[in-house]
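Each of the next two complexes has subunit A plus one other chain: subunit B in the first, subunit C in the second.
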Partner chain A sequence: MRKYTPKDNVQAKAYYTDRFWVAPRVPRQAVEDEHFKAVVEALGERVKEAYVEINNLVLHIDATQNYAVLETLKDTCGYKICSEISAVDYLAKEGEFEIFYQMLNLDKAKRVRVVCRLKKGLAIESVVPLFKSANFAEREMYDMFGIKANNHPFLKRILMPDDWEGHPLLKTYPLQGDEFASWYEVDKIFGKEYRDIIGPENRDPARIDRYDTKRFSRVGYEVPFDADISSGETKTPIEYSTTFLTDYNTGTKQLDKRK
Partner chain B sequence: MQVTNKLTPFFENLNFERDDNTMVINFGPQHPSAHGQLRLVLELDGELVTKAYPDIGYLHRGIEKMAENMTYNEFLPTTDRLDYIASTSNNYAYALAVEKLIGLEVPRRAQVIRTMLLELNRIISHLFFLATHALDVGAMSVFLYAFREREFAMDLMEDYCGARLTHSAVRIGGVPLDLPKGWLENLTIYLDKLPQNIKMYEDLLTENRIWKMRLEDVGTLSPEDAMSWGCSGVMLRGSGIPYDIRKEEPYELYGELDFDIPISQSCDSLGRYKLYMEEMRQSKRILEQLIEMYPQTEQKLMAHAPQYISAPKEEIMTQNYALMQHFVLVTQGMRPPKGEVYVPTESPKGELGFYIKSEGEPYAYRLKCRAPSFYHTGLLQEILVGTYIADVVTIIGSTNIVFGEVDR
Partner chain C sequence: MAQHKVNYASNGGLPVALTSVDKLLNWGRSNSLWPLTYGLACCAIEMMASGGSRFDFDRLGTIFRASPRQSDLMILAGTLSKKHAEFARRLYDQMPEPKWVISMGSCANTGGMFNTYATVQGVDRIVPVDIYLPGCAPRPETLQYAVMMLQKKIRKESANMKKNKKQDLRLV
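The block that comes next holds the complex of A and B.
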């Protein structure tokens, strides 16, 4: 049987993978360090799985216990800094997010990553009362993945505009942006009624139409402005922003409509 | 109520007079002292800031999204655009994370060159901090002097890799080039002159009455707050916490090098400024040790790992198998093993770490860039409250935030 690939992941994928190729795994070591052992012991039954992966102690916990676990880590184990909070999107494969908290103990110079899984549509408890750094980090997580944090003092988009739709780091969100993104600035600057005149924003800066004689010069021979060089071949349907492409020579006064 | 149309747009949060005598003003995003694209909404009571709300995202380019759609080597030049003042630190932090993921041993000469570039970059970044910070506070001449020194350091960078700002001089697995002829001599000349210059800046600033008035007890940050807000780098050491990742979790050659970690107990902007000056001296010390280390190393520059790293150019041109490997690596990209890694490094701004989740594909499944400036920007909403509006610029300058890194 062919391998099942999630169809709602629109990110770049390897175009060829050897059928016998099996990806190796980064070795996971058992917890042997004295300090890490004490940490696992202090957390007791709340730890579902614990191992050391590349100098970090990784603790898998239940998503509902994140606050209690981080509180124990902070108060008992000396993990005073929460250096990073973010998520990984596993919605396509497993229907859940993986949320990680990257913790740092300054005295011992040790790092712990607390990992939990959160089902789609559920919210996680905010850890802002414990670590103020979570304020921005959880806002970013909400902005990028749409994961809400309960009891966050000011849960609002942070990097994207407030009226943006969609969460850009989801695997279902295309790199070049979606339909909403292509109209966002047009609607904002000119208004919806100018959609027909301006057209959607070209969000791929590397897009080139090989028959375009308006914007690109021909190498080797000269062609008059806007000449048709396709010799009968159908044009690639690319919608340009026509705002600055109004051909003043031929006298179509598109811009005048705006006055 | 504002009447808005296309010609008179809606001014967000601009509400000049309110019943309670407070004023809400909008600082940036096009303010020269905003260090890029920071928009601050400040609520003022007289000249006192009663509420501050940093609004970021004006330079958001989706670098983490791009990382998921690029092979590992393709993504490396993109990291230049994070902290564009010190791009080698970004390149290095990313390369180190990938190397840890695949378990690579980097040749010693490459390590020496990388550490040299990192420290030279630290000097460049600190000089830039000093120049802009002094300019924000009002010292124009320091800006000019510091930029002069920075130019010479960037010339050295240019001699090595051809670029002045976006270096991409570090590769996953080593460095692409050996040091050019005479580079170490030039570096020695530069380092010999550096202490006099640092002394000149200090003569101009440290005991300067205006400078002290503007910086002393401004932007005080208690150690507890520094930890809670996730501060790192100079912001953390400026609050009396002696934590430098180079010392505590040594990477590259920092374990073998002899240098001190200056800390300041004063918790204010003046203390942080002094730390920056001292760190430049320490970087000079490190560089001098590295210059001595360099001749004792062998000529190899890239790690030998045919599965992940292309062979040297001579081998590619002469051996068939090396060419095949190279072709596969260029067209498909390397496939690190499944797993996740978080590697912190001490960039000039603080703890710069890359979290990479690999699913064994040529594209990272998730890449998170832990940028120090992002958390230092978050800190602004608390540290600015209770200060005067004239100090806002000092505090922003003192946090040394760079917006390429905040917005990513």
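The block that comes next holds the complex of A and C.
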């Protein structure tokens, strides 16, 4: 039988309270695989740190050597596919971005992640000459984080509109958009002077305003339509209708005319 | 089914139909609503199903047109992103008058679950909406009901557009 747990307080108490849960770090293992050892050896001095995370070789390198490292991986180690390039925003914590390149070797069925750190405002060398897939990935990295890639053939925003301001995947960018984002479509279609006519975005249509007497009423505290209750309202006892007389023998109702 | 107010049998069998300009126009407009073939997201799948043989939009006189110049109804089916808002408005502007708009699904109505920086929070910020159709996604029957409600609304309209007031076109 299942163990009994007291349920007196089961609804008042949230079973999960840790709002900012931080996932435990995946265990790092030493490089023991023959193929991975050869990869680390081929790269030599350029690897600052190497370990294995869930069968994934992770190589920390200097941001200036990204092209050379990827070239070696492609030409001598057989990593012909670059499946993903992107960045992680660690600006608040460490003042820099982490840029990663996820590489795949189809012959050996192995994956390598090349990781480098880049200070804010610096640009990284583009790897488009090595991997065609880097074209869109680096454009997305520029669009979402503002990290520019040197010698990229066509560095332009890819997801957001060209005249967009800000880089949405930065941790400092608000989820519901800044001032520019909230008026973007109005400014673009109608012009800034229409902001007053159209009004701000309604971000929460289901919001219940405690002091809104136009759309809401509180049972037992009824007030006239659109009354100001910011200073509190008085309790009104619930009134039951006394204007009908019910005859339970015949089941009929009739108006009370005795008054 | 469609209930229009033109009574064909009222002329005693004569090949004459006595009516008013309003009724004649509204009969024509409401029974040949041609929507723009324009899908934005998953609601468009339901819109396509409505047009298919199982649900058969054609019986309402609703035939999807591939050009805004030939359509008089815009069904905004799905999430409208801020990048695309400009183009949706341009398509609306390219449609000839008289024209109507159905906002289909939660995302088009209010932004829905996409409470983010990149989604238009309700298409009524960029185009005037006649019918708001709730649901995520609304079933084809619901979309057809919305079109029928729109037909009802059109039949209340006057040919003189200046006479059309919001309170006269109220459906409920």
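Operating definition for what follows: the second predicted complex is superposed on the first by the 177 of 259 C-alpha atoms of A that agree within 3 Å, B and C clash if a C-alpha of one lies under 4 Å from a C-alpha of the other, contacts with A are read in each partner's own complex, and residues count from 1 in each chain.
By definition in this document, a contact is a pair of C-beta atoms (placed from the backbone, for glycine too) under 8 Å apart; a residue touches a chain by one contact, two chains touch by 3 or more.
Here the structure is a predicted model, which is why all the values come from computation and not from measurement.
Visitor: Touching A:V26 in the superposition: subunit B (first), subunit C (second), both, neither?
Guide: first
Visitor: After the superposition on A, what does A:A227 contact: first (subunit B), second (subunit C), both or neither?
Guide: In the superposition, A:A227 contacts neither subunit B nor subunit C.
Visitor: Applying the touch criterion given at the start, work out whether A:P168 contacts subunit B, subunit C, both or neither, answering first, second, both or neither.
Guide: After superposing on A, A:P168 lies in contact with both subunit B and subunit C.
Visitor: Identify the partner contact of A:R113: answer first if only subunit B is touched, second if only subunit C is, both if each is, neither if none is.
Guide: In the superposed model, A:R113 contacts subunit B only, not subunit C.
Visitor: Quick check for you: in the superposed arrangement, does A:L122 touch first (subunit B), second (subunit C), both or neither?
Guide: The answer is neither, since A:L122 touches no partner chain.
Visitor: In the superposed arrangement, does A:M160 touch subunit B (first), subunit C (second), both or neither?
Guide: It touches subunit B and subunit C both.
Visitor: Of the two partners subunit B and subunit C, indicate the one touching more residues belonging to subunit A.
Guide: B
Visitor: Where on subunit A do the contacts with subunit B and the contacts with subunit C coincide?
Guide: 160-161, 168, 173, 175
Visitor: Could you please specify the touching residues of subunit C with respect to subunit A in the complex?
Guide: 82-83, 85-86, 89, 110-111, 115-118, 120-122, 125-126
Visitor: Of all residues in subunit B, which touch subunit A in the complex?
Guide: 6, 56-57, 60, 62, 64-66, 68-70, 100-101, 103, 225, 227-230, 232, 241, 243, 248-249, 332-333, 335, 337-344, 351, 353, 355, 357-363, 365-366, 368, 370, 374-375, 377-379, 381-382, 407-408
Visitor: Using the touch rule from the top, collect the residues of subunit A that touch subunit B in their complex.
Guide: Within the complex, subunit A touches subunit B at residues 11-16, 23-26, 28, 53-56, 58, 80-84, 86, 88-89, 100, 102, 104, 106, 109, 111, 113, 131-133, 135-137, 140, 144, 157-161, 168-169, 173, 175, 190-191.
Visitor: Would you mind writing out the residues of subunit A in touch with subunit C in their complex?
Guide: Checking each residue of subunit A against subunit C gives 160-161, 168, 173-178, 181-182, 184-186, 188-189, 198, 201-205.
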